[in-house]
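One structure is given below, encoded as structure tokens.
Each chain carries a letter (A, B, C, D and E) given by its place in the written order, and its residues are counted from 1.
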């Protein structure tokens, strides 16, 4: 007789747990108050004044760009945390059997999903400014806007994840006379999670790509950096290109990580 | 068209078995009436094989008994208790979820496509219901699971996940999982038709074992006529949502009375 | 292990037919060697049935002949022309796509899962290749399509899409579609095993018709032993990527020589 | 560059000129009818009209102030008519016409001026005060010249952003030209303008806060032609008339004739610092 | 009570600006579709270098944020190359189109791959050439799978057009900010109401796009219900 051991689920495997823990640590550092917004981005090196691309200037912008990048990442992470949680409640609301709840939630989700985040950011900022006694930092407004915007996407991912669980699985649960709680927690959710995680990862990356829009509400991130350097030095090519480089520096590895995670936690279907 | 059938039901008085009684069961999907005013009695311990052409409602009759589809009219009794109804002050009322769940604990079903839980090992698949539904301890459930896997010839597969098993092995685990709930009525819906031809035998052997123990009432949809002939107490021929012929296998399969039965059997055997 | 086989090949001299000759064909998927140094000769007009356990390479031998999988070593000739090679100055070179396409026009294949084009009607399915490959006009192709649908007993289904047809009807359309290319060699891969048992007969009848016309060389993978016995000129038993037994159906199916053949036939029949 | 250059001999064949303005009253902004308004667009229309451009040849584009120079360089505009201050740094990037107006600086502050802000020095003396500056404007330079630490400066990307921030209490003051400040103060509640002043440079000397039209560095011929025509209008009093005609919501003119006179006495070459 | 509406002239301005928004969307969509098809098919090429090149494009176009790409294409690159200026509207559309192409290529690839392999195999066995297989068998079927996500992507691009206000185009978004100045000058209307109206305008545009794609899907689904019917007499004639 073989020794009996439980199936090691994806969340018990070191290859999943270690990166997740690392990410959480990195997250805490980034989100902590230690990471502050830069007020001005003034390059130490001036460009040579020609119209052509100045490599020296370009390279010297790098550390300055990183400071903007970190703020953009921070806003993304805070916003995404909000999105994950809020999205869950939106998904519950939309699935609800009560029309009075599910219908408005659906309408709100569709509305937010199909309008530009940029306009939403302006709207939230205007709303905050119009309301007595509330002041929010631009980065908070950015995180809020991102969070609400992507919560609607996350809620759809949750819904798709649950729907992706094969109908036969629910039927097997009924045939075994499992109760609703057991059916959800032991049968449906464990199978839905691997389907949801990659989508969430992709939305995290998408949120990061939208975060530079914060410049419109004055958050001092990656694009604000480029704008300021341009206004200061009247040179546009180098700051925007290096902003692009900084961007890919984060988004490409992140995309790669998400794809790996996706492979790790997927298992053979029956 | 419907043949009245109660006479051929053999009565096996076996402890713990339960019969099934359907009266006027009707089930429609939209315009498509799949079961028409169906009467059917299955005695406790009886082994009934259901045959019939595609779309005749064979699967539907099992699924309504398993409460996977609700019926539109009629009643179903399992082990003498109404499945979809409760009697309140002597009158039948639609049953509440709690009542349905209670009666359902007597019924088990095995599916064509196994429906094993892919994120659990074979053993965990079997242990889930005993622990969560019957309140067994982990030790008890484990002992039961190992015993059942032994019984279906898969002692070595305790730790394997469904993804690591062949089709025949998966189906045997699914049968063991169903047995773990100790159902009094077991429903089998074409449990071998998703398998490679050489793997069919191993699953039929397990079914044969269960049938030979004799305790459990079995309703089996299958196209394996040889197997039906050998183990069935009674064969029901379905067409258009009704039972058009019913009797011992030798009669129904050997000298069918009804034209459609002849045509169907001819089509299945002819090649 | 491999039985040398050339003697049993019956020679039907029929106009327009083409033989198949494989020499030392080897095909591996990664580490898994599926065909091992295989020699096989099929005479023009011969009907060969291939049997063998799951995974033995039956499908693969058809697929390599249809150029759906490329071979790793060896040569395949169809109608005397090399399929994967061109002779350049008397030496064999790997063939260019253009050459392969030319030789391929002699070969047709019918699949287990029909693979009809779901966005076209039955008639359009059949008309596509005649129009796009053989440059027939729409009128010609239409006439040919209607004729072929008639032939497979589906005159009424011209305007229906695959989604509106039963499995057996779909397979008959697929056969008609394949016939529209007028192949000299036809390959059939378990063309009835995805069908409901009652629908198998109608497809086998169509195959019988084609076989009886006698012109086309046929290679057929099937589990329908009765049908094999009746229409095959020769039965090949495959195991582990090799032919382990070959001969007239009465010999191979009736009194198999090889242990594995006996075991296989036993398993297929036993239930 | 496209648009400028040739000297008016082919009047019919004018290409469309694109003119950049920032959304800032009264310098240049979008009027109620969706057309460009403001004194610089008006003067530009006059000048270009004498150069043979009709109204249809002119296309105005509203962008953030910070994008004007970049847009000009990127050939999105052929000239900038946004009352842009002339200074030495900008002259390295673009070339200017002679100035058409001069003005003073001011701050918008909370009504009653509770922090008693009078000029840039006030911020250098009180480290608790914060000031909104528009990025890419001369005000950032004035603040640096007054040695105000970066922490007290909050850069914003647009005019409305700054005044909304002041209204919401995010900053204590908004810097800007006296005309802009008085215009914004009139249209918003609960804020007021401090007395206009002439800012000082790092050496403590008064600066020349005058603005003109900006052109690409390689567009000299066009600039010169424009400048010649502009000077004619400066001399015959047209520019004075246009500029002093702009009034805020209360009917007070933004600029005095003296503001324009001062500009008329200067050429672009006077701005060397 | 505050009005939830803007003035008629302000709505007119916003509608005029929608013209610019839709124009950019149209150009970006055209470029995006072409890129999607070319790159999506290249991603499945048999030649490794074609696949690799296509992958690089996809990774770049999806990895970079559309807003940063927009600033690079519309501002940085024209300054760098300094040549005759392409109209800003085209540059903006190019940036958005590249972005769309990256995602669209993956949709096309996914659609093609979702067509069962058996379909390609059947067309090989009928001896159709590679282009014929794509044209007559694979793409028509992939379209059913491609259309819904393409509709969503188009709405994403519509949302993306709001970014062009940041590089100096007067689209709906920029017009809203201009109107904000009017509101201040005239001391009527509040900013939240203004932007709420703008959001509703975008929502309506998105729903129109949605509708167009739904119509296309319905049209496509018809093909699976039976093609151009041959009448009885036509059949007789053939027989």
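Going forward, a residue touches a chain if its C-beta (ideal position, glycine included) is under 8 Å from a C-beta of that chain, and two chains touch if they have at least 3 such contacts.
Going by UniProt, the chains are A = Ectoine/hydroxyectoine ABC transporter permease subunit EhuD; B, C = Ectoine/hydroxyectoine ABC transporter ATP-binding protein EhuA; E = Amino acid ABC transporter permease.
Since we're looking at a predicted model, the values are computed, not measured.
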In how few steps can one go from subunit A to subunit C if every step must land on a touching chain? 2
Using the contact definition stated above, find the chains touching both subunit A and subunit E. D
Have a look and report which chain pair racks up the highest count of C-beta pairs in contact. A-E
Per-chain CA centroid nearest to the all-protein CA mean: E
State, to the nearest whole Å, the distance from the C-alpha centre of subunit A to the C-alpha centre of subunit B. 48
Between subunit D and subunit E, what distance separates the C-alpha centroids? Give it in angstrom. 39
What positions in subunit B touch 2 or more of the other chains? none
Residues in subunit A with touches to at least two other chains are numbered 126, 129, 215-216, 236
Where in subunit E do residues touch at least two different other chains? 75, 79, 82, 177, 191
Contact pairs between chains, per stated definition: A-B, A-D, A-E, B-C, C-E, D-E
Under the definition above, what is the set of subunit B residues touching subunit C in their complex? 53-54, 196-198, 200-201, 204, 223-224, 226-227, 264, 267-268, 270-271
Touch list for subunit B against partner subunit A, complex: 66-68, 101, 104-105, 107-109, 111, 113-121, 123-124, 128-129, 132-133, 142, 146, 155-156, 158-159, 161-164, 170, 177-178, 181
Subunit D - residues contacting subunit E, complex: 2, 20, 23, 25, 29-30, 32-34, 61-63, 67, 70-71, 73-76, 158, 160, 163-164, 184, 187-188, 249
Name, in rising order, each residue of subunit A that touches subunit B in their complex. 1-7, 9, 166, 168-169, 171-172, 174-179, 182, 186-187, 190-191, 267-270
Under the stated contact criterion, what part of subunit A meets subunit E in this complex? 51-53, 111, 113-120, 122-123, 126-127, 129-130, 208-213, 215-216, 222-223, 226, 235-238, 240-241, 243-244, 247-248, 251-252, 255
